[in-house]
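Naming follows writing order (A, B, C, D and E), and every chain is counted from residue 1.
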Amino acid sequence: MIAAKVIDNIWATRKADSLRGLKFMLVEVLGGIDAGRLLIAADTIGAGFGERVLVCTGSSARKMLDRDDVPIDAVIVGIIDEDCAF
Amino acid sequence: MIAAKVIDNIWATRKADSLRGLKFMLVEVLGGIDAGRLLIAADTIGAGFGERVLVCTGSSARKMLDRDDVPIDAVIVGIIDEDCAF
Amino acid sequence: MIAAKVIDNIWATRKADSLRGLKFMLVEVLGGIDAGRLLIAADTIGAGFGERVLVCTGSSARKMLDRDDVPIDAVIVGIIDEDCAF
Amino acid sequence: MIAAKVIDNIWATRKADSLRGLKFMLVEVLGGIDAGRLLIAADTIGAGFGERVLVCTGSSARKMLDRDDVPIDAVIVGIIDEDCAF
Amino acid sequence: MIAAKVIDNIWATRKADSLRGLKFMLVEVLGGIDAGRLLIAADTIGAGFGERVLVCTGSSARKMLDRDDVPIDAVIVGIIDEDCAF
């Protein structure tokens, strides 16, 4: 997984039917040589702007949803505790 | 997913039979340290030149199609709203 | 796999239900041009801070668990021997 | 997919049995910040040196073959038309 | 696939049970902008130090083994012929 910070919402009215109802967030990778990389991750657990999150990528991202037929490759799987100092 | 901008069509007359009928677009990654990376994504939702799109990569890209036997690893899954300022 | 060094714990109280009970470690890639890349890997074999570990990424990471429905994309699969000089 | 240029053959007499009969080509990524990245892709459609090709990577590469048990992660899926100016 | 050079053995006494009996090699990516990247690949075909090998990554790496439940994401699938000049 990647540690990232939620920085914005992404709105896409025209999208795959299977993505309807999913919330998409722009996240920025934190730390290391990938710092500053941007990803768009689906969010099903209600992360807020500025929160640090765990992002899971690839085929495993689909395991966060109840269905396996959704074209997503990045999803927020956890919110890093505020007092977790890394 | 990745935010990218559609910059061109890609034409390939000689290609895998399973790719016939699919439209391929050259897209350029937007923002972050990957800005300027080029990808070729299949497009089934009719994105236009200059539009900002959500691109899904990896095995999940195949979920955008009705069949699972197509060798594609990147597909446009949504068009970012014009007034979405990120 | 990637050779990495365990540098910290990652705590995420709010997370996917399927991730409950899993331990997450911040690891830093060792050597080569990716040195300094940070990843968060699930740990089921008890790696300690400072230890060098083998990290498996992508869909294969799920093979380290008994279930295939867990959204993880990186897992510690081994601990490199202390006297392995690379 | 990635746009790449075919630059050489790769010969490997000792290889996995399931790879026998497959042709491997060294390709170089074209354009963008990944320009100059080298990959080795299986070729089943007869691309020639100097041609620009579409390369599909990851698990989707296996969809180009009739069998799913072949350890390849990159395959040429199309040849970009000569008059496609990108 | 990636062309890489075998540079060392990696020993990990404590590891996933399913990895027992597998040999792990440190390999260094050859050529292009990824030159110098280090990977650890399972080896089932007996590559020697200094040899140039084809490394398959991702889920396809598992296709090199008889079982699909092994957490590996990189495997040596061939040895590049000594007289293959690339």
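Definition applied: a contact is a pair of C-beta atoms (placed from the backbone, for glycine too) under 8 Å apart; a residue touches a chain by one contact, two chains touch by 3 or more.
These are the chains along with the protein names UniProt gives them: A, B, C, D, E = EutN/CcmL family microcompartment protein.
In this text, all values refer to a predicted model and were calculated from it rather than measured experimentally.
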Check every other chain and keep only those touching both chain A and chain E; list them.
C
What whole-Å value do you get for the distance between chain A and chain D if each is reduced to the mean of its CA atoms?
31
If you average the Cα atoms of chain A and of chain C to get two centres, how far apart are those centres in Å?
19
Among all residues of chain B, which ones touch two or more of the remaining chains?
34, 58-59, 61-62
Under the touch definition up top, go round the ring from chain A by way of chain B and list the chains.
A, B, D, E, C
Touching residues on chain A, where the partner in the complex is chain B:
7-16, 18-19, 24, 26, 28-29, 34-41, 58-59, 61-62, 68-74
Touching chain A in the complex: which residues of chain B?
1-3, 30-34, 45, 54, 56-64, 75, 77-81, 83-84, 86
